[in-house]
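Two complexes come next, and they have one chain in common, subunit A, joined by subunit B in the first and subunit C in the second.
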Partner chain A sequence: MKVPDLGTTLTTSTKFKVVDTSVPKVDGYALVKGKTVFTDDFNIPNALVVKILRSPHAHAIIRFVDASEALALEGVVCVLTHKDVPRVAYTRAGQGYPEPSPYDTFVLDKKVRYVGDAVAIVAAETEEIANRALKLIKVEYEVLPAVLDYEHASDDGMPVIHDEPEISGAYDPSRNIASHYEMHIEDVDKELAKCDVVVEGTYYTPNPSHAMMEPHTAISYFDPNGRLTIISSTQVPYHVRRIIRHIFGVESRVIKPRIGGGFGGKQAIHVEAYVTAVTLKTGRPARCVYTREETMTATNTRHAMRFKVRVGASKDGKLRVIDMDGLSNTGAYGEHALTTFMVAGSKTLPLYNKVKAVRFKGDVVYTNIEPAGAFRGYGAPQSMFALDSALDELAYKLGMDPIDFKLKNSIREGETSPVFRMMGEGREGVEQIIQSCKIEECALAGAKLFNWYEKKKRPKVKGTKARGCGVAFAMQGSSIPAIDMGGATIKMNDDGTFNLMIGATDLGTGSDTILAQIAAEALHTTTDKFIVYSSDTDVTPFDKGAYASSTTYVSGNATKRAAERMAQEILKAASEIMDKPIEELHLEDGKVISESGHSITYSEIQTKLFYSFKQRQLEVTESFVSEVSPPPYMVSFAEVEIDLETGKVDVLNFLSYVDCGTPINPKLARGQVEGATVQGIGMVLYEEHVFDKNGRMVTNDFFTYKIPSRKDVKNIKVEFAKSYEPTGPFGAKSVSEIGLDTPAPAIANAIFDAVGIRVKKLPIKSEDIFFALKNMAKSL
Partner chain B sequence: MDFVFMIPNTEEELKTQLSEPGSFLMTGGTDLLVKVRIGKIKPKRVVSTIRIPTLHFLKDKIDEIVIGATITYSELMDFKPLIKNFPLLYDAIYTVGSPQIRNRGTLVGNVVNASPAGDGLLALYLLNAKIEISDGSVVPVEEFVTGPGQTALPSGEYVRAIHIPKYDWSVHYFEKVGQRNSMTISIASVGWLIRCKNRIIDEFRIAYGSVAPTVLRLRDVEEFAKGKHIDEDFTHSISKMVEERVHPIDDVRGSAKYRKILCANLVYRMIEEGTKC
Partner chain C sequence: MKVEFKVNDRKHSIEIEPGELLVETLRRLGYKSVKHACDTASCGACSVQLDGNPVLSCRTFTAAVDGHEIKTVEAFSKEGELSAVQKALVEEGAVQCGFCIPALVVTAEALLNENPNPTEEEIKTYLNGNLCRCTGYVSQNHAIMKAAELRRNSASVPAGNQGELS
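== the complex of A and B ==
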């Protein structure tokens, strides 16, 4: 294995000035003060309001659309149907090109494939008129039978959801199979026969919504020179630009302002195509802000998955087999279908690299519900629930403490797993040897801090309440190796500040801040000297976007490289100005200092370079693409209390011990893990979409779809292991997704510890626990 | 969603403005505005009560407290005689929504909204509260609420205040079971009041929320309880009676079966809670 050559960037120094400190977010004040920062805050004069007419049927052919009454309404400017937009197949997925997702989507189609699918685009002078127009459009549908149960989506005789001839990249659309994947190492059946203890189970995870605060929003307009400009609340501005060109054949500029959360929900193009269609048709600016109902019902959810798991071990606690047979529900369209399924394997299996035989296979199927897409964790939370729960059960059957069992079989520094090479995202992966892995510290220090061993010894039941503890292990990745690229530009100003221009998309995560910290560290100055601008496809360099836990690692490395080259440029200029050899100069506190004690500030250097001396603008651009994807690691401990009279579960304590390399900004890193824990608690205990028999989502608002509230989150603790990833910027790995991998298994394992019930289906409802308790009491 | 919004300053103005057809009263708006937004009601005009000084009062009398129509939950929770005399009501309204909702929402709104899940309403049922209407009549809350979302309020009239008679209870209990811990619509809720000595019941009241079209007072269970000793046998028999009397439905929150057994099970909290006499 080749360690990427980062030249002088490789440093193991852990004495940092700016990195590893919790500087305030560069955009924090603007956000809390309610400044005009979000897409919908942009006041583009004369903009039309765009609304989408959506299908009331789960599966239907559009016979015809009569928009004459709507068009007759004063203030309605256009109504576009499938006849008015290019018939170009594409995928909504914002991924590297060519995308591994099937091209199965049209801006508008003759067929609708779920309740909420787009039928027509309406543009009007005001929102009220647009809403009235929606009601005046008459659509005649030929309603088709729908596929609503994903476990039967590819049964014989099921209606075919994607029968359009243009579809490409799908595995077997005639059987509603969007993607298929299988791999194996050795023979699982043979190895299972040799095991002393075997555990089998079928696990289900649902399709929660991202529930980000800001709904999907986009504005499009022609700038004075006729260049199409799109402002969008997107995680992937460069992919939006590329997909818009693919569909409409137009060049555009995509601007991403502040984003009110995404969690993967904005790693797809949703609204941009609709406003673009209107601007191209009318020449006028167009604005579309999704309602909460649209955000819930007509964007993306997580992929619901089912895993049939078999794991086996020998008496001595050696894990010998992991066999996972999966089924994933991608809904009406296949954005991220194959890759989320592969990540379900590639970001879980290498954790247990001591195992002899592994198999991972399954289908991703189409159904007539809202399409699933990218969602924090990207398949790993689904499969980790299954795998970790099964391993916990195996440890229990072996009579081992789950911490001992999981530690005994998990990966360490200097080791590898064949899975790294076999499974990538939509294709083969890359080989890598793990250079930083503190999972042992995470498990042991975590257990101590959590009082694991004492808590395990306590009596479980007290009065009408039972308590229990669970532990879960996780890994993730840092970027998609050999695919994800990010760039950074640094420009020096005559006041000693720098413009840091990045394509990386801060969606509330704080990446603008940590990238400024990385640049400040490398340039021996402070974060406040950086004016961060992200992202604008006409101004900032390319970046793949915010996903796959890549920004800190990929965009961070690009920023570090750029800052280091800028440091060289500054030294070179100073050497000329001061007439001293570079070797005698070094950078310190925003100055160049010579061995003889002379110094010149950055401000003085650039001022001279502007006006009087070898005149030039100092500016550098660097980019980075990684050959590896170093995993962060984490061990989480949950303590739950169950009310035996109602079945209600409360998560009393949740501790996560994380190895994310150097946390560039500990407070923001902690925020990532805390946020993911809360989102995880939601996925485990509350969040469930309910559909009626016609496939309409009933839980389409926050009244019916419950995410955790402050009172549901008792005591969350996050600790960081001392760790340094040599390939990362100042030792950093990712921390954004991993926090969602552990809550489900940790809580489920804790419930087992408390009451002896193995919950294999999320969300875990009071009612299910209650009846399981009743059945247990009966059979005693 | 177009309507005229009016904020009268006196009860006379209120009466006149309310006489217009299509008018809706609003106090905190935490129920009304939700219904307007989802299109369940389409008002022509919304008349707010919140600037009328004569509706904004709290009275602590010898035998009752009187709560004016525009008193918010937050104001009520700060009203010392409430915690002292009606800890049950305090416990119930403490669970309503969130601080933001309690800063706007009112008990009167909760009563007129007449939801079987109304938390304040459940407490008022147990406390035999009376509703004072603008025509001068005073009606027991159980007669005032006639069905889900329905009341006996004559058209053109409004609620002026709520009267709650004082009474000494030895034990009070309120619990709301929801999947989530706040801002939740309960799967079921329960409350009881017990007057007892040496664990012998002198007087007993019990009510359930979210398991029937209106809040449900179980009078025959209350009668049965009189003179009984609070022990396991007693809770067991009550539990059985409860299971037969509640009629929950299947919905997003839980199955009817679960909710029925849940109601029966909640009675067992009495063993722990009911030892205080």
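== the complex of A and C ==
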């Protein structure tokens, strides 16, 4: 590789040495050996145990709190109520600043807004004492009527959930509307009148829990120099640091060790504020580990949404109208309220860019249940269930194969959609021409592999079972354009290794590994030469954190830039040492090689630079801000079997064909899609929260809230289309979220194919299918 | 009260509280690989081997293991060398966040001791109590099949050390 070509040859070449190989995860060995790598594994001497007293009421004013008995208990160190913490409004959402979510939250407030809302913070010497203290705190509540049905949250006369004067950024709190959004292209009603076939339907998606295995956990302490340090199981260490400063006016260092899954559930500040309050008050280290019940009831869920959809087409299969009228339930606080709703449009509508008229609008409302937040897919799975199901029905009515119909109307390379410009996250979006889109390959190669056409021809019913197949299309994004920024620092060592310092937050996805692969590719060496340090706000450069499918794209591009600049620094140093012009040098296998065949290793270069020649440390930092958000695409095929006697649905086969550009690490990329698929199957078939009439979540553990277990998962297959995104690092786009967009519509469409029932509400329960089958039989 | 038991061949003789659960004791003793992820015996993240059989340490009283032998994941990678199960899990990309992994290794090792040649269905059944929210299970089941094969092919490895790769 010659210097003038640096970078350019790499970006256009698809012959990689390190990228597009499945190297083992850089943290894999520590994890598989069970090393002490998670927040609660760290022994911090003298740490207090922090527990939270939570509201038993869905909506109430705290009249007074009497903690005297609790404080009298030996070993109780402090009890903090709303009087003891700063009254600063903020949002728990970990987003770019200023956040598009309303500032409607306090560390502790004099009002509680859902069962589980925090009332007091207790710190004690042991867990047992802390738990006993919780029982000794007396609280007098003035119980208020609660808003539990989100479809009526903004009806006249409903109680107002956010009547605090400090609230800002909410659309109309007096009517419980956290956010509102609307857009349109052309006139949908006029266009609908011209359509030959129109389909309408109302679709409901619920509010599942992330159910990551590691509960939310944080530890805080003053380091020997008095700097507040927070170790946290978070996806957004830099946002945590910023929000802690906003609330408490204190500078801190936030360290994210390994975290036991997040899926968006840790893209918010949860436990950090409580331990910080205790450490600031007592000067002592504080540790708070949520119970599973707290993780279920007092963090975040997905936003439940309702979409009224109208789609219309002309006889020739041309899609003319998409009209989506939505309603989203953000629960007690407006975390990610506006942005998840906008993503429900911005990450679905551009897929069908041939459409004439589009409207997307709706409210995001407050209710007195656990706040919703970021959750993998971020609104797109909710709306794609509605949109793709409606399009499937439209294709059926047109007498077209759904693959043909969806392909005919979907986006291709070189095209754009006005939606990209109109809809961003919380504001306008960014125009973009699609440079990589292999949706056609995904659909056609997928159909072949799945035996789609043969399977569709088979008889549906065999004895007491019916089988059917469904297909669903999806897109997502890669980062929030013009907002998301990530940095990377690379430092060369005298043993030929490099320290790669990134703010990017590996939440189990493998981002530390794929970023090391990107750096290794650009520096012509191997992944094991990289020692990765990520997500320590005092050590690593800024990164927005792990969300919006941005890490591979944004942090990956930052890492690639840093590595390319490091390559130049190495060549420059080598040219000085070897006394050869840079143009005659190139990098290969951890060495600089000259045209005349002389070579010097990276190790020799840095050793010379340390001790004997133009002494200096080679280190570079680069940043990357995304200008566009190239969507990955995916087509999924589901085959279901329905027990006609019980209504039970089994997903026998699920194939996803994915265009994520270059998969930097194919095995890890596949794992992202497989994991998302199974979470999607959970959302479709098993996961549902049940609330009692007072708004208390009944399904607050793994016993009552069922996530898919090993036996529930049948045959899942993932394939990658050959694709290359020119703006991505070595051609890569995102892959972590898109897998959750298709299971709901693909399975619902397959159920229709099998038994002719259009399911419009998730989760799909056996009894619903059973009764629908019965009704069908009756009406025959 | 006082109890004595072995963890990974190391003897512990300690005072415990009445009603103390094994998961708490083990974490207190520094075996942090044992995770506590639920309160309803539903997730399997706390699994350890008790005399070679997988048990939920969140549902086992420490008093009950007096005189017995516990194995945590640390027992399976002697001198840093990974067991066949561990190696296959890393190689197959079956370790995402890793929170479920120590317990998965411990349980899978017990399975392969009982049944060196399990079918995928047998793996799913035996490990059904080990929840994983990240991987969707596909790669994990695959890795365990692969580990079983590796173990069978290296049957010359001395007993008790099965699956160790050198």
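One rule holds in what follows: the second predicted complex is superposed on the first by the 770 of 780 C-alpha atoms of A that agree within 3 Å, B and C clash if a C-alpha of one lies under 4 Å from a C-alpha of the other, contacts with A are read in each partner's own complex, and residues count from 1 in each chain.
Just so we're on the same page, contacts are C-beta pairs under 8 Å (C-beta built on N, C-alpha and C of every residue); 3 or more make two chains touch, one makes a residue touch a chain.
Remember, it's a predicted structure, so these values are computed and weren't measured experimentally.
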{"item": "First, second, both or neither for A:Val698, with subunit B first and subunit C second", "value": "first"}
{"item": "Greater subunit A contact set [subunit C / subunit B]", "value": "C"}
{"item": "Touched partner set for A:Leu192, first subunit B, second subunit C, both or neither", "value": "neither"}
{"item": "Touched partner set for A:Lys765, first subunit B, second subunit C, both or neither", "value": "first"}
{"item": "Contacts of A:Lys711 with subunit B and subunit C, given as first, second, both or neither", "value": "both"}
{"item": "Which superposed partner A:Val690 touches (first subunit B, second subunit C, both, neither)", "value": "first"}
{"item": "First, second, both or neither for A:Gly671, with subunit B first and subunit C second", "value": "second"}
{"item": "Touched partner set for A:Val430, first subunit B, second subunit C, both or neither", "value": "neither"}
{"item": "Touching partner for A:Arg292 - first (subunit B), second (subunit C), both, neither", "value": "second"}
{"item": "Residues on subunit A lying within both footprints (that of subunit B and that of subunit C)", "value": "703, 708-711"}
{"item": "Subunit A contact footprint on subunit B (complex, rising order)", "value": "34, 98, 177, 179-185, 187, 252, 254-255, 258, 261-262, 265-266, 268-269, 272"}
{"item": "Of all residues in subunit C, those that touch subunit A in their complex", "value": "32-35, 37-43, 45, 72-74, 77, 82, 86, 89-102, 105, 123-125, 127-141"}
{"item": "Residues of subunit A defined as touching subunit B within the complex", "value": "463-464, 645-646, 648, 650, 685-686, 690, 698-699, 703-704, 706, 708-712, 765-767, 770-771, 774"}
{"item": "Subunit A to subunit C touching residues, read off their complex", "value": "22, 24-25, 27-38, 40-41, 210-215, 258-261, 263, 291-293, 507-510, 665, 667-668, 670-671, 674-679, 701-703, 707-711, 713, 716"}
